[in-house]
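Shared between the two complexes below is subunit A, which has subunit B as its partner in the first and subunit C in the second.
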Partner chain A sequence: MQWSTLFQKELLENWRNKKWIWVPLVIILLSIMDPITNYFLPQIIESVGGMPDGTVFELPDFSPSEVIMMSLSQLSSLGVLVIVLLSMGTISGERKSGVSELILVKPVSYSNYITSKWLSLLLLVWLSLFLGLLMSWYYTNILYGTLSFVDFTKVFFFYGIWLTLVVSLSIFYNSIFKSSGLVAFFTILTIMIMSIITKIFHHVLDWSPNNLSIYIQEMLTAEKINGDLWATSGVALAISVLLVLVSIQMFKRKEMAG
Partner chain B sequence: METINWALLAPLLIIEFLLLIVAIVDLIKVKETNGPKWMWALIIIVISIIGPVLYFIFGRRQR
Partner chain C sequence: MVALLTVEKLTKKYGTKTIVDQISFKFGHHKCVALIGPNGAGKTTTLRTLAGLLRPTEGTIQFESQAKNQDIRSWIGYLPQYPSFHSWMTGKEFLTYSGRLAKLTKIEAATRAIELLKVVGISEEASNERISRYSGGMKQRLGIAQAIIHKPKLLILDEPVASLDPIGRREVLVLMEQLKQEMTILFSTHILNDAEEVSDELLLLNKGKIIESGSLQDLQKKYQTTVIKLEIDDSVDIYQEKINALESVANTKIERGALFISTVDLKIAREEILTLAAKEHWPITTFSINRASLEDMFMRVVNN
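The block that comes next holds the complex of A and B.
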């Protein structure tokens, strides 16, 4: 009851600040940019010119699964950046401006407050990801060749887990810092450090969440979901839930002290 | 030069346009922004795609 009120407040807030419009649009743009530019690359090179006569370009022919992976790699860099920036102020901003105090003066439980924020962000991110990948899948099918709808849903599902972890990290830092700049900085720093550690200790850290994209690609080429992908997804989800639980505790402690 | 297939590019242009319109309408409606309004109007119009996104992230004042 209380939770759904808070959740609706979040949805309304995201509607008012237009997140429901611009986030899906940006994610769609990021997902379809690479498939389209690669398709038009010969024409782009030709119109830019400057090549001596007789230059022959061997442009690689991309397979449908490679194209959808291009979308994922855009989402992993710029997409993650957008998600971090849009979520950086979700709690820290409210604490700074005093809105959270107004809310928490009432008997609102800290866990309801945090989880409603977390889930409303996840809803926004998953919906945007769905639309983005759907467009990318559409372009892949008309420009490069067929990729089955089942493959598309699998890519969507497993990649969504990675973005869930990103959102959870941001919520975690939101519960610690009051400055949204610090939240964004530490979220990105953590993701970078995770990826470096995964690269250095790749022989031990088979199930590091940063490997999700690699396993998704393997899934597309091998056309079956291997155990590593399930395990990695499980690890990513477990870390996400843990982060949210810790955030609730951190937030409780901070608010009690403040 | 070969003809460019505009049907393929149309969604890109439509999305770019939508972002611009939503950002401008929001800028006009909103009372205060971080920094002068005319500056944001310029950023939104001149820098395609990134301009509106910058406005939504940094321009709107957190209440």
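The block that comes next holds the complex of A and C.
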């Protein structure tokens, strides 16, 4: 009962501050940008003056699976940034402004407080991702060739797990820092460090969450879900849940005021 | 009868700095207790610790006969000195939300919100406006409403009137006077007039320690000064000598045209002075026995 009150408040807040509008729009924009610009690249080059005479420039023919991977690539950089910006103040902002004093002085359970925020963010992120990838899938189909709806749902599901990890990381740092800036900084820093470590130790870190995109691409090429993808998704989900559990503990230990 | 709140040796430290130092006190039901002290005395830290927002470094807090140091948030309401709200919500929404968090049902929370908006004097129209448009006084009253939405047994208010203009201040003090019939109020203030006006009991806090406590009357009696203030429709100088000659008078001094008489024995001095004045037909305009104001008392205790 109390959980749903907190969750509904999050949904309402995201509606009032227009997050339900701008986040899906930005994610859609990022998802369709590459499929469309690549398709119209010859026209774009022409309109900016064309190539020098005699230049032979062969534009690659992209396969539908390559195109949807371009969308994921955009989401992995700018999309992650959007999610970090979106979530950086969700707890830290309330603590800094002092609203959390009025909330947490009521008999509110800390786990309800944190999980309601986590799940409301996930709902927003997953819905935006769904709309973004759906649009990307639509353009891929009309501009590049067929990508089955089943493949689209698989991409959506597995990539959603990566973004779940990003949200969980942000929640984790939210429970530690009062400054939204520090939350954003450390979330991005962690993702970068994870990426570097995965690249350096790629021979041992088969199931690092940063490999999700690679396995998604393999899945599209091989047209089947391999064991590594399942395992990597499992690891990413497990880390996410663990981060939230640790956040709750951190939050309990933190003093709400002072 | 079991005390409502029993605090024993409560201490709060930040690193090596002790903000609240081994304070102990208790008070019963339906009291209005003022925690007074200068800025930086540790009032806010004490109240936040009692409200469960800070963890005590040492010591215990016991609510009625519950176990010591257990979660008492269900029974208390708290209003910080500078309350901050979800400013995108309307007043009514915020109150209902607070009620739901305090485990009221949907209907209970909504009904109680409407009832409390009336009690704290926020109109129907204003209650549907976003809190970002509220004045300071309205926010403070909304803050009190959210603190009492679940009918707590103890209401903790941190400097409830410090930031308000005289009208807002009066409104909140009147509200506190009403609320004290239903619950115990513990409030901090450094404005001694406010404490004198609404409180039954006082806790004087200075440098993290409780330096005096008791009912207002008891403390006034304890710190009563035996000074008589005399004003005469004439220069008081010519009467000073005659008064000084009285045996019951210790000494006298003139301040701003009035004669302040310190007595050896107030009762006798009063009789002697009035008898002398009647006999010699002094044109007296003021004859008063100065009781210790909370301020005098506070200054004396703090300076000691």
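Going forward, the second predicted complex is superposed on the first by the 253 of 258 C-alpha atoms of A that agree within 3 Å, B and C clash if a C-alpha of one lies under 4 Å from a C-alpha of the other, contacts with A are read in each partner's own complex, and residues count from 1 in each chain.
Rule of thumb we're sticking to: a contact is a pair of C-beta atoms (placed from the backbone, for glycine too) under 8 Å apart; a residue touches a chain by one contact, two chains touch by 3 or more.
As the structure is a prediction and not an experimental result, all values here were calculated from the model.
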Next on the checklist: Is A:17 touching anything from subunit B or subunit C once the two structures are fitted on A? First, second, both or neither.
Outcome noted: both
Next on the checklist: A:2 in the overlay: touching subunit B, subunit C, both, or neither? Say first, second, both or neither.
Outcome noted: second
Next on the checklist: Per the contact definition in the header, classify A:178: touching subunit B only (first), subunit C only (second), both, or neither.
Outcome noted: neither
Next on the checklist: Quick one: is A:252 in contact with subunit B, with subunit C, with both, or with neither? Answer first, second, both or neither.
Outcome noted: neither
Next on the checklist: Once chain A of both complexes is superposed, is A:135 in touch with subunit B (first), subunit C (second), both, or neither?
Outcome noted: first
Item to check | Greater residue coverage of subunit A in the superposed arrangement, subunit B or subunit C | outcome: B
Checklist entry - Who does A:99 touch here: subunit B (first), subunit C (second), both, or neither? => result both
Checklist entry - In the superposed arrangement, which partner chain does A:107 touch: subunit B (first), subunit C (second), both, or neither? => result second
Item to check | Residues of subunit A contacting subunit B in one complex and subunit C in the other | outcome: 17, 97, 99
Next on the checklist: Give the list of subunit A residues in touch with subunit B in this complex.
Outcome noted: 17-19, 21-22, 25-26, 28-29, 32-33, 36, 39-40, 43, 46-47, 82, 85-86, 89, 93, 96-97, 99, 135, 139, 142-143, 180
Checklist outcome for this item: Residue set of subunit C touching subunit A in the complex reads 14, 45, 48, 51-55, 71, 73-74, 76-78, 80, 82-86, 88, 97-98, 100-103, 143, 146, 150
Checklist entry - Once bound in the complex, which stretches of subunit B touch subunit A? => result 1-2, 4, 8-9, 11-12, 15-16, 18-19, 22-23, 26, 49, 52-53, 56-57, 60, 62-63
Checklist outcome for this item: Listed in rising order, the residues of subunit A that touch subunit C in the complex are 1-2, 5-6, 9, 13, 16-17, 97-99, 101-108, 255-258
